[in-house]
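Labels run A, B, C and D following the written order; every chain starts at residue 1.
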């Protein structure tokens, strides 16, 4: 087989462009239809988990599930057929997700429908992200992702500090409070510390003694004020990534300040904005 | 009828300027009086929903309600009379809201006062926004709105990520936790995930197993750190929208403060904003 | 009496400088001593409210209270004596607070100690702010206050939007949810909406139906994302107030950008930073 | 002993470089191994506090604990031996932490294992921070620390305001609400105010009267909006500390990006950082 990446202009090639491409109207229509199928089938899985609904519409869910599985199976086989390297696709991330979307239904036909098995079908949701290449929101998502990547070290340091604080506070609370108040072990106390520091505050575990409440107040105010740190980090990164400034025509360097007149890398005059 | 937009200088025209305008003292007085009527009538609807208060002052509420309805009916008919195109007004957003403010009372007189019907009267609150054209806070509101519109795509991407996280975490928790802890179905588990990620934390549904608590801790810290993303987005947009400032005509420098008179770079006079 | 603001150099004048001034060592020592007295007496009031502690140390609390009241009475009379215009002082904010700090104890001696009366003594806490003129944190506090004042309109618009959202969501939830779930009246439902939007989430009132939970999820995500708005507003204001830049030597205009070279008001060259 | 800071090139000196240094491969390997020992031993202490796990693996925990204590004892003695001034090390922060890591086990052998004593071993966690000098995240941590130090006064003012608000609101709620709702004393009411202002919201104490709920709604919205203040402070400080950049020697322009090579204003070469 020749090492060309696009298949020959046959039915297979036309199908490839429809199924994997987004540039043709047919390709875009296919993506939109697929998106709806995925969303509806995921919603069905969710509704099926509600006891009252399953008791009433159990049969209809079963039929719909078989239809969607047949549809996704045809799609999966088509994808396998049209790609150049079927094995590579089958073991790629989306190839595995595609297989996991149809496998549970077939397995449940054979083995009699294990509970856990059926729920795996929610993973179909991940297929939505394949279709998202359609949308123009990708540039925005990329900007946010870049800001997060640029601040990943600062965020890691922050998470390490959060973890240390919750471990130490959790251990101290385990000593201070009694198991009756819910502090039955150090891991449980750390869980409480995370619930409190992140200001979630379920209330299933809550300090009862005055010393415990004082410590809890301290960790609450800490959590309340500390949220400023990741916020500040990300704000600054977004502000930086959001204002790219002019690009040098001579050395192609980017990342200048918006009001820069000369290139910060080669010293050439920058184009006026 | 001639296609002129302002009615002839008759009683009707004078009334138009009072009811719809805000530039004359009478128009402004009308708006303030209307604002008070709306606020008081909405507060009355709220208080009427409290069983103890209704039992005691039921009759007084009924009388006050009839008075306000009469007042709003007169106002509605006047509005219909003074505008050029009554039909267009009647089907506009505020026209429908105005009608909904009086209709429930009349319907309850005929049909015997359905519960739901009476509560619709709270929609009168929306009429408050019509009067807000009076206030000078509109410019500030516009600035905030612009910042939100400018960042709407980033916020949408963020909301989609939040939704995906809550759906996946919710499904996993449904598998991990038992229905006894409150995780009775996937939708309920997703509801729990939203309650936890947004750091609301009611505590009516809370994980009991160590695996569930570990996952819950993960989603809490995620929610605690992720709040930085919308905050960063909006901060940057507000910073951008808040300080455009004039541009120097002589050296083309930008980034001046909004009230600058001379260029901060070359000292030339700036164009007046 | 001559209209001079500082009293003659007598005992009274010396006392004035000690009690009201902070420039002399004696004045500063007086302020520090007063600060401790206030803090200790407030802590005593708090501890006295704990039933177990009051039962045990009731007598000691009573004696300590009489001592502090005697002390504050002497201080109050001294203040009245040393100021130029005693009446003006007595009706000033701090004059009233000073009187409220001692009055409850005397009234309780006469009338037999009403519960509410005794708690008013916590208002002594407000006296702490008088002593704060001592500390150098005032400049920082002033900067924060300026940032808040500069963004007060935006914050008001934000609060009005928050209020409207909670009123509308609260009313809708009153219709959707049953009184058994805690939504007994519209005001209670609005209270629930505020508890949820601000991500506090007590859990004493929580939606039970799927429609109620969906609406609750919407208001949670709204509250989670909306917090970005005040944060963005205040961040931008602090950033602006925090970087004053150079001051013009010719027209004394301030508020230049940090890298400005010419005055934005009169166009004169700015001093280099 | 000569006042040189590095020991002579003997076994002791070689060990010093391995145990305290991070520049040699052996030193780095030692640090990584130590990190794992600390983490595993801390996890064991935590798991031991879970009643069910302790009941089952009590003996194995005891053996593992003895092994780790032996290991840490050898390490402690080695550290004492290789440093120039053993006494100074023994009384330094990390010296005390190192001792506290091994002492509880020995004491429990003598005295029969007090509960509190065993938990102190979690302090081993603090030893992790010694190993962190290994990682390159220190620069990021330093940047965050600088931002916090630069804004420490503003944060202190903010905390003082938070404390005053919670004390005053707590006291008022103590008067307004009954002890049945959980407001049994002023300190408890202040604890409730902190739980509410920081948006934690356990729900174990919650207002029942309409006046209490109105006040609670006020403190919630206050807490929701006030979080903007520390966030704004820290954001601005991070933005400032993050981009000092070099200063141009020819035109004195500042505000360059940290990696700029040429001045953005005059194009002259910048001094290397």
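Remarks
What we mean here is this: a residue touches a chain if its C-beta (ideal position, glycine included) is under 8 Å from a C-beta of that chain, and two chains touch if they have at least 3 such contacts.
Being a predicted model, the structure only gives us computed values, none of them experimental.
For the touching copies chain A and chain B, the fraction of interface residue numbers used by both falls below half; the interface is of the different-residue type.
When the C-beta contacts at A-D and at B-D are tallied, the pair with the greater total is A-D. Between chain A and chain B the centroid-to-centroid distance comes to 30 Å (mean Cα coordinates, whole Å).
Between chain A and chain D the centroid-to-centroid distance comes to 29 Å (mean Cα coordinates, whole Å).
Note: centroid distance chain B to chain D, computed from Cα atoms, is 42 Å. Across the assembly, chain B contributes 158, 187-188, 199-203, 223, 227, 231-233, 235-236, 239, 255 as residues in contact with two or more other chains.
Only residues 199-203, 231, 235 of chain C touch chain A when the two sit together in their complex. Residues 42, 45-47, 49-51, 116, 119, 122, 125, 128-129, 137, 140-141, 143-144, 147-148, 155, 158-159, 162, 187-188, 191, 194-195, 197-204, 223, 227, 230-239, 242, 258-259, 272-273 of chain A touch chain B in their complex. Interface of chain C with chain B (complex): residues 153-154, 156-158, 160, 164, 167-168, 171, 174-175, 184-188, 190, 196, 199-203, 206, 210, 213-214, 216-217, 220-221, 223-225, 227-229, 231-233, 235-236, 239-240, 255-257, 259-269.
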